[in-house]
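This report concerns only the one structure given below.
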Amino acid sequence: LSVRQSECAYKYKEIVVKKCSGYTQIWLFTNTPARNALNPQVFEELKQALYNAKFDDSGLVMLSGSGNIFSSGVDLPYLLTNDKRISARKMAEAIREFINAMVAFPKPIVAAVNGPAVGLGMAILPLCDIVYASDKASFYAPYGRLAQTPEGCSSFTFPNVMGTAMANELLLAGRKLTAIEAYQIGLVSQVFWPTSMMQEVIPRVENMATYSAKALEASKLLIHSHRRAKLEYTNESECNMLQERWSSPECQKAMRAYLEDEQDLLF
Amino acid sequence: LSVRQSECAYKYKEIVVKKCSGYTQIWLFTNTPARNALNPQVFEELKQALYNAKFDDSGLVMLSGSGNIFSSGVDLPYLLTNDKRISARKMAEAIREFINAMVAFPKPIVAAVNGPAVGLGMAILPLCDIVYASDKASFYAPYGRLAQTPEGCSSFTFPNVMGTAMANELLLAGRKLTAIEAYQIGLVSQVFWPTSMMQEVIPRVENMATYSAKALEASKLLIHSHRRAKLEYTNESECNMLQERWSSPECQKAMRAYLEDEQDLLF
Amino acid sequence: LSVRQSECAYKYKEIVVKKCSGYTQIWLFTNTPARNALNPQVFEELKQALYNAKFDDSGLVMLSGSGNIFSSGVDLPYLLTNDKRISARKMAEAIREFINAMVAFPKPIVAAVNGPAVGLGMAILPLCDIVYASDKASFYAPYGRLAQTPEGCSSFTFPNVMGTAMANELLLAGRKLTAIEAYQIGLVSQVFWPTSMMQEVIPRVENMATYSAKALEASKLLIHSHRRAKLEYTNESECNMLQERWSSPECQKAMRAYLEDEQDLLF
C-alpha cells in the first residue's frame, strides 16, 4: 500500500473505527436510506478496517452498529437504481469479497448486536466468533418476501448452529426472533439489558484482550479450520445465485413492495 | 408414465392427498394395525404423492397424520409375518427408496406433527424443512428395546441437529420427549396448542405458498447441498444394517415383546 | 499381553474400575494435587480400563469422578516440573493416545458428571455418548487464562454441539456454565439433583445394559462413523499445538498464575 492509500483507509465515511488498548472497535454508521444498510462502499470500508486490524497489535475486534439498529441488511435502493444487472453484479461481488475477508480474518470477532439485525445483518453473525446482544435486538431474514436466496453463508451456518427445523423457518418462512430466542437456538452467546449492554460487553472484550494474542489466534485457527473451505464454497454459490435473483423482475418487484412495507427501517 | 399408471397414482389407499392453492397436503391415513404405521405399500403411495407434487404447480408440501397419531413408525407386524428375511429385505428396500425420494425432493416440506411421532415417524422429521408440532405430540425412538439400529438418516441428522449427548439418549437409550423438549433441542420449529394447531399451521403454509416458488427451491437447494450426499450415504448404511437386524431372532423376539407392551399404539 | 502385564492392568492406582452386571464403571480417583487431574499415568490407566471393557462382556461403560469434582483437567503441576519440553511432549503424547482410545471405543460411554468438569474434563464430554450431570456440576475451560489452545477435540465437537457463538465463548472467553446451561446448549443429556444423581443414573445404565449389545454397538458405529476421521485429525492438530504452547514461557507463566488463583481446585 502506498502512503496515500494507507491514509485514505482511515478516512471512513460509512463506519467508525476506534483503536482501543489491545483491540479494535468497528461501528456501522452508514449514510444509506435504511439505517446501517450494506452496499459496496460500506463493504469496502469494512474490508479495509479488517485489513488494518489484522496487521496491527489488536488481539481481537468488536463489531457493532451505531444508533438503535445493528444492520438493516443489504441496501435495497442500491439494487433498484441504475442498471439492475450492473448493480446486482457489483453488490454480489462486494459481498463475496467482504464475506471472504471475514472468513479469513485470523483474530476473534465479537459482535455486539445493539438492535434489529435484518437479512445480511443477521446472516453474518455466525461468521463472528462471539455474539453478544441487547435484549431489544431482533433477528429477521426476509428472504421469502424478497424472493431472494440466503446470503452471508447462512445456508451453511444456520443449519449447523440451530438445526434444520429452525434454520429453514428463518431462511424460508422469514420467522422473526427475539434476542432470547436467538440465544436459545445458539445464534447469540449472551443477552444483556439494553441500557447496560456496552457496560457488560466492553469489560468482556477488554478481558479477552489481556489473553495471549498468539493463543487466541491459534485457537481460532483450530476451531475455524473445520469449516473454512465450506464457508468459501458456500459464499461463492450464494453470491452467484443472489446476482441472478436480484436482477430478476420477480425479485425487483418484491424488493419494491418490501421497502414500502418496511418504512420503519428508514430512520 | 402411461395414463393408467397415472390414474392409479391418485387412487391412494393409505394416505390422503389434497391439492390446495399453491401447495399440496399429504395426510397419513393407513390401514395398518398400529395407527399411521409405515410399510412398503404406504411408502409406495408417499413416493407417488411426492413425485406428483414435484412436477405440479405446488410451491411446497405439508405432511401430517390423520387422527391423533402422527406416525407409529415401521409396521412391525409386517416384519413378523411371512418369511422374515423377505419381509426385512422388502421393508429395507422400501425405506431406502422413500428416504431417497424425500432427500431428493426439491420443494420445501412442512411437517405438522399432530400427535406421537414414534421411530421412523420421528426420524424423518429432520428430512422435512420446517416442523410444526402440537403440544400433545411426543417423540420417541424405541431402537434399544427393539434391538434395532437407527433409521431415516437419524444416525446422521440427530447429532447434527441436537448434539451428540441428546441424540444418543434418544437413539441408544430411547428417551421420550415432549413437544416443548423437542422444540428446545431444535427438532421442532414451533409448538402450538393442540386445538388450534391447524389454524396456526395452514396460514403459515399458505403464506409461504405466496412466495416465489423459484426462490424457495433455489434456497432449499443451497441449504440442502451441504448434506445431500451424506444423507444418501447414511440411508444406504442404515438400510443395510436394518435388514440384517430385523431378520435376526434377537430382533424378532424384541419386536414381539414391544408389540405386547405397546397395545396403546393399536387403536 | 503377558500374564504379568495383564495382572498389572488391574492394579489401578489413579482410577477405580468396577465390573457390574452387563457394564463397567470407571471412576477417576487420582493422587494428583488437584482433584481428579489428568496426567500420563492417569491416561495410561484409563486406556487400560477401556481396553479391558472393550473385550469383556460389558455392553457399555459408565465414567464418573470420585468425591465432589468430576475432573479438574490437565495436571498443571506436571507441566511445570522437570524439563518443561519433555513434560509437554509426554503430556501431549498421552492425551493423543487417550483421546484416540476414546474415539475408537466401540461401546456406548455414559458420563456421570458429579461436580466441576474443568478444561479437558469438560472437553471430553462430547466424546462420551450420553452425559448425565448433577445440578451442582459446572463446566469451564480456562484456555484463555492459561494461554493455551483447545484440547480433547473440543475445537471440533463444541461448535458442532452448541454452535459457534457459545463454543467460542467457552473456548476463547472462558465462560463458566451451570449444569442447566450445559443442558440447554446440548452438552449434557439430562440434569439430576445432586443427592439422587446416582440413583437416577445407575438404573438408566442398567436398563441400557439389558439391550442387545450387538445393536448398541452397531448403532454407535453408524452414529460415530460421520465424525470419527475428523475427530482423529482434530486430536492430532490440537496435540501438536498444545505441546508447543505448554512449553512456551508465556504459557508456563499463565499456568503458574492460574494455580495461585484456583487454590480451591486443590483439595
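Just so it is clear, A, B and C label the chains in written order, and each chain counts residues from 1 on its own.
The criterion applied here is as follows: contacts are C-beta pairs under 8 Å (C-beta built on N, C-alpha and C of every residue); 3 or more make two chains touch, one makes a residue touch a chain.
As the structure is a prediction and not an experimental result, all values here were calculated from the model.
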Since chain A and chain C are copies that touch, is their contact same (over half of the numbers shared) or different (under half)?
different
What is the Cα-based rotation angle between copies chain A and chain B, on a 0 to 180° scale and rounded to a multiple of 5?
120
What whole-number Å value describes the gap between the mean CA coordinates of chain A and chain C?
36
Touching two or more other chains in chain C are residues 160, 162, 184-185
Chain C residues within the chain A interface of the complex:
143-145, 147-150, 155-156, 158-160, 162-169, 171-173, 175, 184-185, 230, 234, 237-238, 241, 245, 250-251, 254
Residue ranges of chain C touching chain B (in the complex, touch as defined):
108, 125-126, 128-131, 157, 160-162, 184-190, 204, 207-208, 211-212, 214-216, 218-220, 222-223, 225-227
